[in-house]
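Once you've had a glance at the structure underneath, I'll fire off some questions.
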Amino acid sequence: MPRHHNRANHQIRPVRITRRYTKYADGAVLIECGDTKVVCTASVSEKVPPFLKGLGQGWLTAEYGMLPCSTGERMQREATKGKQSGRTMEIQRLIGRALRSIVNLEELGERTIQIDCDVIQADGGTRTASITGAFVALYDAVDSLLSQKIIKHNPIRDHVAAISVGIHQGLPLVDLDYTEDSSCDTDMNVVMTGNLGLVEVQGTAEGVAFSREELEIMLDLAQQGIQDLVAIQKAALAAG
Amino acid sequence: MPRHHNRANHQIRPVRITRRYTKYADGAVLIECGDTKVVCTASVSEKVPPFLKGLGQGWLTAEYGMLPCSTGERMQREATKGKQSGRTMEIQRLIGRALRSIVNLEELGERTIQIDCDVIQADGGTRTASITGAFVALYDAVDSLLSQKIIKHNPIRDHVAAISVGIHQGLPLVDLDYTEDSSCDTDMNVVMTGNLGLVEVQGTAEGVAFSREELEIMLDLAQQGIQDLVAIQKAALAAG
Amino acid sequence: MPRHHNRANHQIRPVRITRRYTKYADGAVLIECGDTKVVCTASVSEKVPPFLKGLGQGWLTAEYGMLPCSTGERMQREATKGKQSGRTMEIQRLIGRALRSIVNLEELGERTIQIDCDVIQADGGTRTASITGAFVALYDAVDSLLSQKIIKHNPIRDHVAAISVGIHQGLPLVDLDYTEDSSCDTDMNVVMTGNLGLVEVQGTAEGVAFSREELEIMLDLAQQGIQDLVAIQKAALAAG
Amino acid sequence: MPRHHNRANHQIRPVRITRRYTKYADGAVLIECGDTKVVCTASVSEKVPPFLKGLGQGWLTAEYGMLPCSTGERMQREATKGKQSGRTMEIQRLIGRALRSIVNLEELGERTIQIDCDVIQADGGTRTASITGAFVALYDAVDSLLSQKIIKHNPIRDHVAAISVGIHQGLPLVDLDYTEDSSCDTDMNVVMTGNLGLVEVQGTAEGVAFSREELEIMLDLAQQGIQDLVAIQKAALAAG
Amino acid sequence: MPRHHNRANHQIRPVRITRRYTKYADGAVLIECGDTKVVCTASVSEKVPPFLKGLGQGWLTAEYGMLPCSTGERMQREATKGKQSGRTMEIQRLIGRALRSIVNLEELGERTIQIDCDVIQADGGTRTASITGAFVALYDAVDSLLSQKIIKHNPIRDHVAAISVGIHQGLPLVDLDYTEDSSCDTDMNVVMTGNLGLVEVQGTAEGVAFSREELEIMLDLAQQGIQDLVAIQKAALAAG
Amino acid sequence: MPRHHNRANHQIRPVRITRRYTKYADGAVLIECGDTKVVCTASVSEKVPPFLKGLGQGWLTAEYGMLPCSTGERMQREATKGKQSGRTMEIQRLIGRALRSIVNLEELGERTIQIDCDVIQADGGTRTASITGAFVALYDAVDSLLSQKIIKHNPIRDHVAAISVGIHQGLPLVDLDYTEDSSCDTDMNVVMTGNLGLVEVQGTAEGVAFSREELEIMLDLAQQGIQDLVAIQKAALAAG
């Protein structure tokens, strides 16, 4: 069975990054990975959480949400239910860790960067798209701090991007869309830096367990996908 | 002081309505009124709330939310706080009432139309933009029910649209942006049908009380604005 | 069909205002409008919310609740449900805005007046009775501040009162009781000052839209009703 | 130090029971014990909680609340806080147990009596006043079921009433007001039937432990107080 | 019908107290009363609640929980439900009051002792076992404060322990297990000091009311049981 | 720096598995991995969640909690806070997925196995200990279903166990205790079946990114550790 749009197994979906998507946040990006669309913003505030007060370092944290109609069947609004689901919390913790991994929090000074990733349309890979897009929003927010001379040195040490890989009917695939994701045997999300250091590896057997060999193949696919994504991030940032 | 973009006092902001903005909901509209941008969706489900079970009629209800970064200063995410604010509840109740006013719920049959209005960027008038945009999403959702022959007769009786008006430094203005709204003396939201029947009038004195004469002038302005909006709705629907 | 107790269409229900209804609050009023009974209290505290700290001005805020058995069919207790309904929030926001409209918050100094309106029995018009009664409680609380010389000048600029009006089977009626309210076509709540300035106009079409002419007639009725209510407030305050 | 109003140590405060205090509930009583005022209502509904479905017996449950301004210093509204305090839950559980102790739930049939006790003014002893007043509301609600022939036999087996007793500066006192209650060494709430059977005994040492002898003296005082209360309940019911 | 394990009616279940049960808390006790097993810990923190700030005295408070599988039928986890039940709150308030009754809070200085009682297995009497066990945990925590010379004088004035008693099929029994507890007519929890002063008496008629004579017999049984428990506490503390 | 107790880098901590630790749950295990102690229970109920009704298959789900005093500094009780933390939700989702991976849910029939993992003492590795211990509790619960002939075939397909690995100051270590875990550069949790199939791989760079080579070394260590754990599970089950 060919992939949608005749994509090759090692080929990521078309990615479009729109900077300055909204006018208020310090960084505001719309990232589109195929039909998955996420608004990623970065907002700077001049305070840190209580556990960091007076330590001279900054913080970065993330929140994630989905519009109720972003999915095939409408989801209940979390604000109405009165709590975030476990899945939501898991994802926003992942996004925060991924971005902190490439930020020098001492260089940031006593301020907090709040990342918000809000999914407008979900066709698989929303958490990885969030990380890839949030990096660009973070970059723009930090750039604004630098150009206003609020901070002196760039606290961003490297790019960071994320991609999903999986084993689907025996075949390793990169960047699963929703249909692929919901029927694959193994599902893995990989976060890597621009230098191809591993930041997060989260692999889950959906049906049967997977082998070390399959893990290797998936990591190879992920690495190639992330190289592609970092190139796209660079192009978007170069475009001004 | 001239209005932003040299708008005349009786002139609404440029409105852009994008239908089929997302691919899953039965109706999905992006409405842009100046810099205010709201995603409005309509989703049909084949059930009704308990208080209507077995009565043979349908229901329409609405929810409203704002992306945390849609405003000048980032707002706390309601899903994280664990509850919707009073303002949010007030707005979503208003949107629901406004749209129910032009729907024949008996013709809809025992099904519910869920409206979701999610603000991507807020520059004043998000509740009125929500109503105006949600009408188009509702229309598309109903159209889909009709073309699938799930219902026989169109339950939509008329257009409905909404606009804000206010008295700002003694001058009556239509369609206030955020700067105007936050410094005006009187603020009024008006919902009207295509036939110019009044559905909701919500006027509030912010500073000093307002007079019957001022009320009349504001209603005149609102009526003109709503006529403009209904024309824009019609054009969007005609465009296919 | 004649109104209950042969009331004329422009005639408000008998109103009874009992001051010092409870012994602890700074102002404590029982207002009875026909069979609607609301306890309205005003409590002064020597602090302001965070957003006003250090600005030298005061604040006034309101909360509203209903005893579970105040209505025909027992309502669920909001403290048990764990949240206030949208209707409750909407009403308490309205009460707060209405009373703030006639208070000079600078004259009040850095203190907060908390209004509580608790409905003992609900026969229509609880939100308007709350505003009319809370004004008297507010007056008594402010009087106590003045007589204790905690403040020098009276921050109350004018009376404020509220009434409902509606179109019921084609007839405009003032001060709807529950039976009238639940079957009327248009329902409007009007808040006015003693000088007959408009503070809030909230009109809602329940069934069909209403016309500008109907709006005018309802506003005339409301104005007369509020004049009657202000006279009753004055008599109650004069009675000592 | 003499008691307020020169009350003797064994003397309860003046009690006033107003039946049919509100017009909607099946039983609706205002009980005033000195300055403590509680609205007690009993509402019948034709269903039982899930754990009793199909067992052919009824249920009785109680809820308790205080108006925010019922106390000397305003309390936060539990509906706003989003939860009932431990004290509130403890009290409503006590009220429910006390009233169930004198009701034959089989005779009630598959229906629930919901008791609501809402404190208008609190000057000590609100939980005991609630029980004493709720009995009369329950009686009226049951009477209505009997006169409508919804049930055949009276499920109420006996009166039930409650009183507080305490040791205050070495002296045993009955029916403590707020000032006495907040400074006493031992505080005990006693619930008894009309036949003087014990239903609940809840004694708490506030400062130092109490002796068996003190317990005996307090129980004697409580028994006398409850005899007085039952006589007042009977007089109120006889008054029609 | 003989009691389980041929226990005599006045005989408490075998009690085992394990000190230093976990390694982190300042005091950590496993108490086993028959098949009821509770982990009781005492943790010292160098702060007091807001209402005590600057008063130079300490505080002691308690929380209680049950593992979901501690009971015959699995209970819903309170952390998942999002709130503690009324029963839980009632019990933790009781534990706190019981322990505060024997602590001189002035001697403790401005610090808080937090008691946690977590039920591993519940076979009746979990609240009384919690109090008896928590006393030993409290003792160990205070001992640690004394040996570190953080406080100079022992704020513990006496032992405190608790036991349940009941009337079961006409027979007075001490220390009810779950089977006895769920079928008894009267259920009473008694808290006493080492000097046999009464701290709490909470008696409840489950079916029919109980008499003063029955109360006396139950208190005699409780007193004997508590003497036994205090001896066991002393032996555990002496064992080092 | 040598490891605590002179453990070799590839050596797991001493593990003790106590079956039938409590008397009520269908499976009840205390697992101790060094100083980490977790009670793991499995409870069978004869129903499935709504999304599985009528599909003829079963379900397995897990919840996780920590006693407030299980950690070095007392944690706030989640039942008191009113919600589970993101970390808790993430862990209980992981436990559920891990155990479902080795259960044939069709063979289980329309029933649910509820796993509860409650941490008594936490010294690192509580989530992996939970999985390893819960497997044994699950085994016992399923064994009971088989011996009662409620199900015919064993739905458990394989063992499952979990271990943490990390890079600590450049050295790969297996089964990190709390001190090691809180200062390591990379932290990875691995879940594998008895046949050494991978079920979950969750690796996180705490400080700097990690390389593919480091990942390989960690997976080798994890595999050896899991082989040891499965042997211990087998010995515990064989011991009867």
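We call the chains A, B, C, D, E and F, going by the order they appear; numbering starts again at 1 in every chain.
Keep this in mind: contacts are C-beta pairs under 8 Å (C-beta built on N, C-alpha and C of every residue); 3 or more make two chains touch, one makes a residue touch a chain.
Owing to the predicted nature of the structure, the values given are computational and were not obtained by experimental measurement.
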Neighbouring chains shared between subunit C and subunit F, ordered by label: none
Type of subunit D:subunit E copy interface by residue overlap (half), same or different: same
Taking each chain's C-alpha mean as its centre, the one farthest from subunit C: F
Averaged-CA centre spacing for the pair subunit F and subunit B, given as whole angstrom: 50
Centre-to-centre distance between subunit D and subunit C (centres being mean Cα positions), rounded to whole Å: 33
Residues of subunit B whose C-beta touches two or more other chains: 82-83
Footprint of subunit A on subunit F - complex, ascending: 83, 85-87, 89-90, 92-93, 97, 101, 188, 192-193, 195, 197-205, 208-212, 215, 219
Contacting residues of subunit E [partner subunit F, same complex]: 22-25, 28, 35, 37, 39, 41, 43, 45, 63, 65, 67-72, 74, 77-84, 88, 114, 116, 118, 120-121
